Each structure stands twice: as structure tokens, then as C-alpha cells.
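In the two complexes that follow, chain A is the common piece, with chain B as its partner first and chain C second.
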Partner chain A sequence: MRHGKISIGPKLYIALCFVFFYLPIAVTMFFSFNSSKSLTHFTGFSAQWYEKLIHDQNILAAVYVSISIAIFATIASTVLGTITAIGLSKSRRLLKEALLNINNVPIMNPDIVTAISLMILFTSAGLQRGYVTMLLAHIAFCTPFVITSVYPKVRSMDQNLADVAMDLGATPFQALTKVVVPLLRPGIFAGMLLAFTMSLDDFVVSYFVTGNGVANISILVYNMTKRINPTINALSTLLILAVVIVMVGMYIWPSVREKLRKKTRAGGRTLRRGRRGRKAFAAAGFCCMIAIAVIFASQFSAISGKQTLRVFNSGEYIDMDLVSQFEEEYNCEVVYETYDSNESMYTKLQSGSTYDILVPSDYMIERLISEEYLHQIEWNYIKNKDAIIPKLVEDNLYDPGSRYSVPYYWGNVGILYNKNIVDKKDLEAGWEVLRNTKYKGQVYMYDSERDSFMVALKALGYSMNTKDKGELQEAYEWLINQSETMDPVYVGDDVMDNMISGNKAMAVVYSGDAAYVINENEDMDYYVPEEGTNQWYDAMVITKYCRNTELAHQFINYFLNEDVAIQNTEYIGYDSAVKSVYEYFRDVEYKGNTGCAPASDNPRNEVFHQQEQKVKVYMSNLWTKVKSHQ
Partner chain B sequence: MKDKPIIELRDISKTFGDQQVLRGIDLDIYENEFLTLLGPSGCGKTTILRIIGGFEEPDSGKVLFNGINIAKLPPYKREVNTVFQKYALFPFLNVYDNVAFGLRLKGMTDEIIDKKVSQMLSMVGLSGYENRDVSRLSGGQQQRVAIARALINEPKVLLLDEPLGALDAKLRKDMQIELKKIQKEVGITFVFVTHDQEEALSMSDTIVVLNDGVIQQIGTPIDIYNEPEKRFVAEFIGESNIISGNMIQDCLVRFDDIDWECVDKGFRPNEEIEVVLRPEDMDVVPLDKAKLHGKIVSKVFMGVHYEYFVETKYRDYKVHTTENYQVGSEIGLTIDPYDIQVMHLS
Partner chain C sequence: MKHFKGLAYPYVAWSFALIVLPLLLIVLYAVTAGDNSLVTIHFTLDNFRKIGDPVYLNVFAKSLEIGLIVTGVCLLMAYPLAYIISWFSDEVQGILILTVTIPMWINTLLRTYAWISLLSDNGLISQFLTKLGLEAPTMMYTNFAVIIGLVCDLLPFMVIPIHTSLTKMDYSLVEAAKDLGANNFQTFRKIILKLSLPGIINGVTLVFLCSISSFVVPVLLGGRQYMLIGNLIENQFISIGDWNFGSAISVLLAIAILLMMSLMRRIDPEEKGEA
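Right, the complex of A and B next:
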């Protein structure tokens, strides 16, 4: 029949839409049961990530923060927004229009603007950043959405009804709660849902306004991306499940309620019980909220009792179990926060956040020293000083004499390649192998400005810290040429998963990442070109705002203990600064893994130095052109 | 019955923006009376109601309730209740909960509420509708719910703002009778607002005719109809022939060059006046007994009677009679003295 023929198209279209919407979610859920760490390579069924999730204090704390903030922000913004919408409808027309337009500004504003504005506001108001500032920020950006969804309902409401209520003896407040609010319920409900999802979803604003170790799910996941693992999938799966349950509940609830109502209609007496029941329910809900608030408050008062240490580290760059151990041993509280790059750490410092300990990279340490941001290391407190690989302290290029920093982890940049595809002889060309057209379409480049220019500069035989515009121009041309002849793909941390899956033959990676990939995929090997590379160091530093330098030194020293460093290295996967640990991994645990301990004494290796502003801008412009050339 | 006013309005004025809607309203409303505020739309009748209800505050003047000024008292503290235009039922509550709304606010026990609600619903003829959604009721039923909801609070005065406006003609008639019955049953004062003169005439004890924010006349329906004191009242209520003339002396008026006996007194000799003649009071009589002669120029059948326009020497008269005449025929007209209503020029 005609009818049947016609309907195939639309059906297919709808089916495709659904595939498009739900396939990513399905994949996420599927990989939450993966037995290995890979997010793209399914190796077998396992529930281990759920187990890890339940035991991961960080994730549980983040879930708690996300959900409690979402609940409180929803309640507050719904009340505020509804009252404002009602008030607006009673204002004079000009004022009303002006206010409605003003209300739209935060909605249209890019999140980042809202985020930075709030951050500046909180900083200048002297508010300590953390849970409260995050909650305030969420209330601030949720309220306009509530106003927008409630206001049309207020306008279409029969204004007489509030009069009727007052006529029947209701005070204005009773008229509001017993008549106006029920009338606006659909709008209020929509606003609530919107506020809740906005709050739960939010990353940008939360990221900027939080502090003191308070992180919600999105901040946590963002900082975890370096070493992303299926725990996140497990968490996502549980969240999706929760959402589905709520949705189904909301869908079924009206009919359930209808049935209940029919039952209570049997007589006046049951009707009464129904009303009392509702009151009891409301009371119970209120008690729950108070309980949550009390639990929350007690959590925070616990923190204030002990001496605290505020640590700001790169995401997934410490084994949190060791931090807990340290807390126990030294009877203190570590307020732990993470960032995703040296640059974002620096931004956070500039915005007025203060910490005791930072873990920046070489060039950033150089910068912090030059800006007199750091407190000198009192080496007599570092009992484990002699355990450190001596040259890391003695030949320190970014902090001559190691006066301000204690080495943490180190490594270099090289080429991860597939032994079965890449000919060893071709590798002798060094960085130039990345322009060998034999491997066209087989190359991942690392999406980082300085590392990409490092590759080109080293290939050309120049210093990676060059200030010479001619040399930079040549490096730029090298990269452009590579772009044209090789079709390289610039990737971020997803390079690891892609290489574990063997998607391409070569990739520019950090040594520690290479070690991790080689562990997962035996076909891979790591090679550091003879022309030299970026030799990088991350080190712990103490800021001049440190409140408890003794504890800070104890913390730094703690992570140089051999057993601690072994456990930490197992977690992180880079090369430890502790000599015995470095050697243990090189010779025993990771034996034969070329990604581990690749550090050489090649004099052509360099450390990144802080760039002059002029050079930085120049390189930055060239880099934009390279990226847009693809 | 008219011994003691329950509500007294004293020199009430009200302005919205630059529009003056009420100008110096003085009005007494008595216990147990069915008082109607009648006038065209925009005359200020609803504003008076809202001032009594407490939803508007007068710019000046007093609202006395049992002798106490309540002009600034909020609505929820007044012993009056209102039936609003278009019923204004709470859409999220069923019939029972709509009616019980006021009692719940007073914190009455469920037993008392149950009893009162079922009493009230049976009075308005809605027993058995307790659990009905109000949106699934007919207009008439919604109206009854609105009345029950207001009356259950046992107000001293019930205010009704064009409550029948949304009903069709037949239902309207039934509800008029019903309302009157309810008012007798509960024995309280009803203040009723309408622009429908028929409704006002059939239900009211007292009619207050309003125009342009000013009271034109207060009186019983019979007074208002038979003895309009102003041209506006005569024109607005019922149909009329309004003719200019002179008062020759007491009980003698001249118009159309003819002297007519009447019952009105107290005018200055030869004072210029206007005469109101209701079309049904124009008697068609044989030509020899007639004071006016004329020719029928148009004829419309109105159901109970015919409406004719009769051309006379000076003007066309509107005449209502049940007798059937042909257009073009010559007829004679006369008017009884008590059917002639003489008004001062306004």
C-alpha cells in the first residue's frame, strides 16, 4: 500500500536520529565492562571498574559534591526565580521588558565569561573558594533559566485566581503557596529540571570558582583525562541509569497518583488520611534535607580541626591512597586540587588562589622563581635528599642549584612506533622519519605548540629554545611540509588509546605514555632521536604563601621514600626521581620496555625555558597557521 | 427590611491613570437585599464591587461596613465573598476541594468541612459531583461551584461580578431564578453587577443605575422602569419614546401641541421637561377616541407582541401591542395619565 511505502523514509530518519543520540552512550556503557584499561579495545567482560568506583574516595566525593550542589542550587534558584518571575509580571511594562532582557544576558553569555566574572567577584569579595562559592555560582547561573521558564506561565495565569484566594480568606502568602504556585507548577517544574541539569552538567563555571579541593564530577573527569580509564564509564553508566529511573518514574507517576487518588476517593475519611500523608511526606523530605546539610557541615568541620596542607597538582599525578597514608601518619588534612596544564595552574594562581605545594614543570618553575612566587627549599628537612638521582639536583637547568624545587618525575619526548610496520633503518633518520612518505597517513603528532616546534627544530638541528625568527620560520615550513606530504593527525591524550589499538604506525609521545602503551600492546616500541629531544622535569615546589612549611617539607620528603615512590610510580608510570626506584623499574618491573627510563646523557637534549613574550607570540601565530593548514 | 445599612459608600472616587472611573459615589446597601449595580460597560460598576471586596482602594471616600471604615482592610479580612466573572475556579482542584478551600484556610476539622461542603453542594444542586474535575463541568455547573465556594464562608455580603455573563440565554434565565432562590435561602445581602437590564429588573430588590462613574438613579425595579428620573435611565432600561415638552401646571403636560393629563407634580409653570412614554403604554384606539393620529410605517414581529413605528405629525412613535395591523393603515393613539413619566431636563 502507498501508506506503507511512504513511512519507510521517516522511520529510517528517526531510527538514524536515535542511533546518533544513543550510540555514544551505548558504547560508553559497553566499555564500562571492559576487562582492560582501554576505552576502545574490548578485551573481555569484567565488573572491576565498578568495584574501583565504589572504592575511589575521590570519585565518591565528586559525586557527592555534584549532586548536593545540584540539589541545593535547584532549590534555591527555583525559589528565587519563581518569586522574581511573579514579581516581574506585576512590574511596570518598561521595567519588566528591561529586566527580562537583562535576564537573558547571562543565558546567552558564554559560560567562560560568567565563570571568570564570578571568579573575580569571589576573589575580590575575599570569599574563600570552595563548596560555598561553587553553590553560589550555580545558583547564579541557574536562576535566569528558572525565570525564563516560569515567566510565561505567570503571564498566562488567570490573575483573578490570586484575588479569589484572598477573597476566600487567604493571606497574600497563602495565596502564593496554595494557588499561584500550583498554577505555575508546570513552569516551575520545567525550570527546576533545567536548573538541575545545568548544575549537574556544569564544568566551566565550577572549574573557575571552586577551590580547597572541592571538585564535582566534571572537574574530576577533566583532570583525569591524562589517564582516563573505564571507571569514568562505570560512573557514566550509573548516572545514565539514575536518569533513566527518574525519567521512567516521572512518566509513570501521574498514572500511579491517579490510581491512588481514586482509592482515596472512596470516602471522606480516607481523603483526610491522604492529606495528612502528604504533609508527613513533605516533613520527611525536609528532614532529609536538613540531615544532608548536617552531614555536609560536619564533613567540613572535620577539616578545620587539623593542620592542613593545600596541594595543587596535575590530574592523575599522584596515588591518592598514598596521600591518605600521609594524612594518617602526620595527623593532618591534605586539601588536594588538580589542574590540567601548567598554564591553567598559573591562571589559577593569578586569580588569587593560594596553595602550599605545587607540582609544575621545568619552564613553569623557572617562571615562578623569576616572579618570586616560591619559598626556598630547606634541604635539611628533606631527609631523603640522597635518594634522589644526583644529576637531577646538581645539573638542574631550570632551577640552578635546586634552591626552589625537589624533582618528582621526569622523562622525555620520542617516537612510539609499531615494530611490525616501521623499519628500524628508517628510524635512523631521527625526527625526519616523521616526513618519510612511506608512512604517509600513519603519523600522530602531539597537539602541543612547543612540542611540535621542538620536533621540527630538532630535526633541523636547532635549539628548541631558539629565539631566532629565521629558525622558527624554517621549523614552521618543516611542519607545513609535513602536513602536506604526510597527512599527520594532531591528537591529545587519546593518542594512547589509539596506539594501544594500533590505529597508526608512529606517534610523538611522552616517554611515560609510551611505557604505558608498550605494556598494553607488545607490537609497540619507543625511540628517542639522536638529534636530541625535550628532556622534561616536574618538581615539587613550596609557594611563598605556604602556611606550614614544615608539613610541606614533610610531604615532599614523604614521596621520596622508596616504598612510597614505588607505589606512586606504579600508578603514574613515569620515571621516578628516586634513584633506586628509577633503577628498579628500568631493570626489573619494566625490563625491556623502552618507554621506561629512556633518559640519556645526549648533550643535544634540552629543557624548555620560559619563552620571551615576543617569541611566544611569534610561535603562537605560526602554530595557528600550522593547525589551520590541515 | 430596609432598616439598617450593612455597607455604606461615602463619596467614593477612583481614578485609573488619567481616567476617572468613579465620581463621588454614595450608596447604602441594606441587610438581606438583592442590590444590582446596572450600567453599560466602563460605567464603574465592577470597580465599586472591587472596592467593596477589597481589591481596589478608593482614592477618596469611605467604605463603612456595619459603621466601621474598611477602605484599607485587605480582602482576606473582610466578611464579604465574591463570585468572579467567568467563575475563576482553581483548575488544579476538584469540585470538593474548590468549595472546601476557604474552610481549610480557616483550619476547620475535616468532619466539619465534609459536612459543610456536602450541604453547600446539595444547595447548589451538585451533590455527587465532589470528585469531578472542574474543567469537565458545564458553564452552569461551574457557576454553581463558584457560588458554593463563596457562600461556604458564610459571608455577610456576597458580591457577584456579572456571574451569568458567560451562560446562554436559557441557562441564564434558570440561573437567575436559582440565584434568587439561593439568596432567600441563605438570607444575606447580594450585590450583583450586570449590564443586562432585564436581569436586573427580574432579580433585584434595588437597582443602582450607573453611567460614567456617577449614580443615575437608585430604586426598586418598578420605580426605575416606570419612573426614570433621567434620560439615560429611560433609554438604558427598557425601550422608550422620549419627547420634549412643557409642564403647563401640576398634572398637565403639553407635547406635540396637545395637552395631556398626567400624575406628576412639583414643576415650575411652563418648565421645559422631557416625557418618557414606554412603547407598550401607547394604547391603540379607534380614531375617534384618539388624541394622536398616525400611519403605521413599519412592523416587526417580536414574539409576544408586534413593534410598530407610527408616523405622526411631529415624530415617529414606537408602539408595542399584541394586535395585528397592516403597514400603511391609519391608527389612533392615546396614553393614560399614569403612563406618562415627566423628567427634569438633565
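Right, the complex of A and C next:
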């Protein structure tokens, strides 16, 4: 639209909008050079996160998955979409309309519906979820976009041209590739670009259909929210730079060529050179992509052929360096995947994913045992057996006799509080302090239905394993009342970052997380109410689907090794099951840290037991109500 | 061209296997009870009845509310932006539109993650406000944070279609209106706004669709208490493991969206012209 001089006001508006768009991106880039872990305080310049990035196998693997899937899915969906669009224009009306309508479904359907529909499909078909299922899903949701951008071009094309070509002796294939496809180029290119963007940015569909340790960048970032990791900022900065260079290059290239053509008047010659130039540009881009894919692929093929171990663990619950060390020492490959709760782990198992080693909590182990999902531990393979705190093996309530599980970490649940804000006397009220209106708006509750109900049940003096609907109802009312009077925020593992930054005064947390936070922020302290709490144990188990039980035992044994356990505990911050390590952290490394080795002898403490499905669904529904009450 | 008729057949098979069949499976899950085996299938409407519970109705209402607010904010921000951009010369327009699209190429999760450090209680914005001597409000885990995150994520989807329809517009109509004595406001309302309606409809549908079913941004910026339909579905599938109920919600969501889309199409003058 033609317009005279544009005044400062509108220009300012554009500038403001761009600030809004680019603020998060600028923050990401800026803090990727921070010398400390903080994402809110800049402490100095450093390139350490870039160095970490280059050595982080997980991130590199995710980049490889994201890019390779985007490339393959784009190629496949462009070919499939283009030939379909060409074929459709000649199909019978009924077929054409039906197919175009079906084709619209994935475009209009919310991502999440597409995602679960594909997940159910793959599960029902018994497909092993992983790279292939993710690729199939991406092709499935990209192709419709290609068809919708190519089809209008097919309709507006002169339909006789292909026939002319064939009359002149071209084969149908030649007519297609030499006449039809070049005419459709703008549409195909638009569709291709759309497909590539969609695939690269996808989270929802990938999240639901993946498995066996295959994660793209989105999934990786989603699983990383537990602890601040500036490596991801470094990755983002590199990706942003790559995108900007490619986009600007693509934008500037045609205009540069245009100018060149104008300058040298010999139009014909430069035109050819220009076309050759573009081809060269496209070829160079394609070669770069292939080269990247090959480089990454070679990294992975180097490890194939070795024996593998599939480990499924809670997020941030192992030091990955140690896993790499294990891989080297035992000349094997560990396929490592993480989950965010025992329940989501169980759902994954139900949907057909198989693993060799799991690291569930007490009540989940009980459930897996009762559903005959586990392989018995052959204790004579566990050479470091005697290093384990004897009590953990002998007085095992969730797995009597420790026949199926080897203790990993343990602890309890309590209140992490800010010493400068919370009055010590108020804490004497026990769990009730979480309903003390003096601290309104200052409370984080943990988004775990069983632990939250534990808090309420213990505050009311009931057992946390109750099946009594009346008691559960009372606990529900306690939580609803708390939600109304205290305005608590229900958080996941992001509670740790928030407490380290001192955002609120109190939080319900696991003791190990408390120890980690106290170590980073000395204003914090940990308190376990006298009314009793959830005494929990996480342990390693081997599934009955385990392909290599010898290696699985070696893996479990490896993490009981004293040096390994010390390094692992340094990373995790929880109480180790290895006696000497437990004592070392209690008496030396974390001395005075109340989150470390909290007293575990209160008779009112309990261990969670497996819930009947009916009680579980009942509690889940109540918890959904509590969370969405505000 | 008749030779190419067969080219559509592979996609017939493909779309049946990867679009139609999965949808039928969801519907099947939605109308059956949990303890199915291959031999006995219990058909039931309990899953749909359960949605009638006020808690779940609330979740639907909240999603609708957020969807409407985000769409409204996006429209109010994007229209002036697209309009102003269309004033510039073609070359500058190209650069400006490129600047709008670049963020779309950067992973949504990474951008949302950056908002956390901006909005959190001791985050950059609140540090900045404190320095100015103002009291910083709580932004993280509120409606505000979720709306900001979604708007930032979805704004390009609104700007681009509006800009496209503005540039496609025949400018002589505007001149004609002015020649006939319309003032600036009248010209804008009667000509420009009307002619850019297809773009607005496109943008509104896209943004509304994406915001109503999003689930990552609400989890990261709204906290776990922030239950929208997307989160509810994810919860049923991932944590609770009640696939039947989760499927029932999905079916309902899909139907609602499809109805809304066909309604939107009816308003769209371009579609009408074609029909």
C-alpha cells in the first residue's frame, strides 16, 4: 500500500512489537555467556556452557534427532504431498472431496488429539516406539500441509502442458519431472518450508509417540526444567544464529542476483549464471545437511554392535558422566530415557515400551512385583552388596527380603523454609503451618497427589495409606481450604529453582531436593513435622523383559561402588544407599545441612503402599479438583 | 494429465492408516470401559458423562477464556503491526515480515523457557522494576504469564495472514472512497477492514485453535495448577493412565474445534465466493 512519510509513532509501535518478540531470544543469548548457572543474575563472561555443549552427548543426540527427522520428514512429505496433489486434480470428484476433507483433519485437529491418536495407533499395532514412530508421525502431520500448498497450484496450472509434452514423445515420468513439477515449484517450495518448520518445532506429537530414549530438542528441554542448565541457552543461541543466517541468506540472495543481472546488461548470460548459482546454492545447502547427518550418524554407528542396556530413570537422577564411564568400562551402550513421575513411567510400560532397568519408588515397586513385571535380583552378582546400609535391605517393607530391588537413594518429605521469613515457633504446628495465613501467598505445594494427600492426612492424624473414603474426603477438604486461604502454587520440579532464588518462603519437598537447595541458598532450612511423613525409598529393579541380565546386574553393582556413589551423590544431592557415602555426606560434605540424612526413626513415618485402582482414580480426581479449584 | 490419476492412490492408503484409523481408535477408546480385552468390549457413555462434572466443565471454561483472551490480544497487537508494515516499500516490508517470522523458527520450548527467567519472582523484569523503585507484582504462575507466553508464541500466526490480505488489497478502492468524500476513519472501517477480513479470520482461527489446546506453555508458565484442556488430556494419558476418559475429552475437543471451524468458514467472504 502506498503511503507518504511514516511518522515516528507507528515506527515506535513496530519497534515495541519487535522488542516483545526478541526479548526472550536476547535473554537466552545473553545468559548463554554467563559465568554462573543463574538465569537471572549476570556474574561475568564465560564460554563454559559452549564447551559443555560440545561434550554433552544427550544434547547432541537430540539435535541429531530433531534435524534428521525434519529432513527425512520434509523429503518424504514433499514427495508424497506433491504426487498426491497432482493425482487428485484428475481423480473423480467423490474421491477428491473425501480425500481433501480427510487431509484437513490433521491441520485443524488440535496437536494433542493428533498426538494421542497416533500414540494409540502405534501401541495397538505393537510397534516399538522410537525413531521410526516419530518419523512416521512427522510425515503424517507434515504431508497435509504440503498438499494444501501444492493443490491450488495444480488447479491453476495449464493442464494441457503435460499432454503436449507426452504428445511430443515424453514419457509420463519425463512429463511429470520436466514439465509439471517445475511449474508447481513455488507451491512445492512453500509446502516444503512449512513441513520443515512444523517438524523442527514439534513437541506435542513427538512427546507422545517417542520411546526408547529417542528425544528431540523439544522433549529434551521439557525434561530439563528440573534444574537450570545454561547449556541449553548455548544450544539455543547457536540454533538462532543458524536460522538467522539461513533466512537472511535466502532473502538476500535473490536481490543480490537481481542487482548483478541489472548491472551486467548481457541478460542472457547472467541469467544462466544466476540459475546455475541458485542450483549451486541449493546443492551446497543439501550437501551441508547430508554432511551433518553423516557426522552425527557416524558417532552413533560407532557404538552399535555392542551390547546395550535400556535404562529408564527419573529425570536428573543420575550423573550422566558416570553412565558414559560405565559404557566405556564395560564396552556397552546405555540407552537412557527419563520420566517425570512413577505414574508416567508405569503408563509408558503399559503402552508397550520395554526396558532393562527401572528406578521406581517403593509403592511402584510393590505394584510391579505384584503384576509380575520384575526379574529377581541375583544377589551374588552384586559384589558391592555389603556396602549397602543393612537396614535398607533387611527391613524392606515394599519388597520383603529385597528379592527384586537394590536400594538406590532414600529420604523423606518435609517443609523447606526460609529462616529469615518463617518463625521457628510457627513450625511447631507441624503440617498445619502450611495453612497459617501469616504466610499466605508464600507456599509451594508439590504436584504429586499422593504426597499432597499425605500432608493433609498426616495433619489430620490419619494414615497416609488410608482407603477410607471419609478420611480421604476430609483430607480433600483440608487441601481445598488451604487452596482458598493460602493461595499456594502447585509446582513440579521447578520448585527447586524457585526456592534457590528465594521466591517463596515455604515448599513441600523431598529431603534430597532440600539438601540441594540449602547447599545453594543458605537462608533455607528443612523441617520434618512430628506428625510423621512419607519415608521413601527408590531402588533399581530389573524387568522381566531384560535382554542382558548380566550387564544389568553389573550396572546396578557399578552404582554401589563407593567412588561412583560419591560422585553420583554430589550430582543428585540425595541420601545414598551406600553406607560409607551416606555417612561421608552426613558428617563431612553436607555437615549441618538439615536436608541431608534427616532422622528416619519417627514411628509415625510410613512407607507408601500400592493403591487399588479404585482408590487411585478416586484420589486422582480429587487432586485434579484441588489443583483447578482456584 | 490422465496418466497421473493413479498418483493419488498411495495417499488414500496412507491417510486411512495414519489419519482415519487413529481417529477411529480414539473414538473406540472413548466409548468403552477401561478393563477391555480383545474378547469383551464394554460399550459405555460413562466417559462422556464424567465430563459433565463441574471440575471438568471449569477446565473447559478456563481454556475457552484463555483462548479468547489470547486471540483478542493477538488481534489487537497484530492488526496495527501488519497495517503499519504494509505502509512501507516492498523491500522494507519483506525485511519486516522476515523479522516477524524468524522467531517462529526457534523452538517454542526454548522461547518459553526464556520467559521463565524474565517473569519469575526475582527475575529480570522484577529486578528492573525494583531498580526503578516500583513494587514488582507476582507474574510467574499467573494468568498473565500464560497469556504473555502464548501471545509471544502465536502472534506471527496473526500478523502474517492479515499482512497478506492487506497487501493483496486493491488500493484504488481506498483512493476511490477518499475521492467520494470518506474521511480516514470511514475509509478504514468500510474499505480496509472489510477487505482484510479474510486475513483476520485466518489469523483468529489459527491462534484460537493453537491457544485453546496448548499444554506446554501453561505447564511451564502457569504451574501445575494451571489446568487447560490440553493439560487435562495429557494428565489422563500420562499420569493417571485413564486412556478412555482422556480419549473422550479429545473426541469432544476435536468435535468442538471442527464445528467452530465450519462456523468460521461461513463468515469468510472468500470461501463463500468459491462455493
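Here is the rule we use: the second predicted complex is superposed on the first by the 510 of 630 C-alpha atoms of A that agree within 3 Å, B and C clash if a C-alpha of one lies under 4 Å from a C-alpha of the other, contacts with A are read in each partner's own complex, and residues count from 1 in each chain.
As a convention for this text, contacts are C-beta pairs under 8 Å (C-beta built on N, C-alpha and C of every residue); 3 or more make two chains touch, one makes a residue touch a chain.
Being a predicted model, the structure only gives us computed values, none of them experimental.
Residue contacts after overlaying the shared chain place A:Asp163 against chain B and chain C alike. Residue contacts after overlaying the shared chain place A:Pro186 against neither chain B nor chain C.
Residue contacts after overlaying the shared chain place A:Pro390 against neither chain B nor chain C. Set side by side, chain B and chain C differ in how many residues of chain A they touch, and the one touching more is C. Of the two partner chains placed around the shared chain by superposition, chain C is the only one that A:Ile102 touches, whereas chain B remains out of contact. Within the superposed three-chain model, A:Ile120 lies in touch with chain C and out of touch with chain B [touch as defined at top]. In the superposition on chain A, A:Gly249 makes contact with neither chain B nor chain C. By the touch criterion defined above, A:Pro400 reaches neither chain B nor chain C. When the two complexes are overlaid on their common chain A, residue A:Gly461 makes contact with neither chain B nor chain C.
Counting contacts by the rule stated earlier, residues 163, 166, 172 of chain A appear in both its interface with chain B and its interface with chain C.
By the touch criterion stated above, chain B contacts chain A in their complex at residues 53-55, 74-76, 81-82, 84-86, 88, 90-92, 101-102, 105-106, 110, 114, 131, 149-150, 153. Considering their complex, residues 1-12, 14-15, 18-23, 25-26, 29, 55, 58-59, 62, 77, 80-81, 84-88, 91, 94-96, 98-118, 120-124, 127, 138, 140-141, 152, 155, 166-167, 169, 171, 174, 209, 212-213, 215-216, 219-220, 223-225, 227, 230, 232-235, 237-243, 246-247, 250, 253-254, 257-258, 261 of chain C touch chain A. Touching chain B in their complex are the following residues of chain A: 158, 160-161, 163-172, 174, 178-179, 182-183, 185, 265, 268-269, 271-272, 275. Chain A contributes residues 1-3, 6, 10-11, 13-14, 17-18, 20-25, 27-28, 31, 39-40, 80, 83-84, 86-91, 95, 99, 102-103, 105-106, 108-114, 116-121, 124, 136-137, 139-140, 143, 147, 159, 162-163, 166, 172, 175-176, 180, 197, 200-201, 203-204, 208, 217-218, 221-222, 225, 232, 235-236, 239-240, 243-244, 247-248, 251, 255, 341, 343-344, 346-347, 350, 441, 447, 489-492, 494, 497-498, 501-504, 616-617, 620-621, 624-625, 627-628, 630 to its touches with chain C in the complex.
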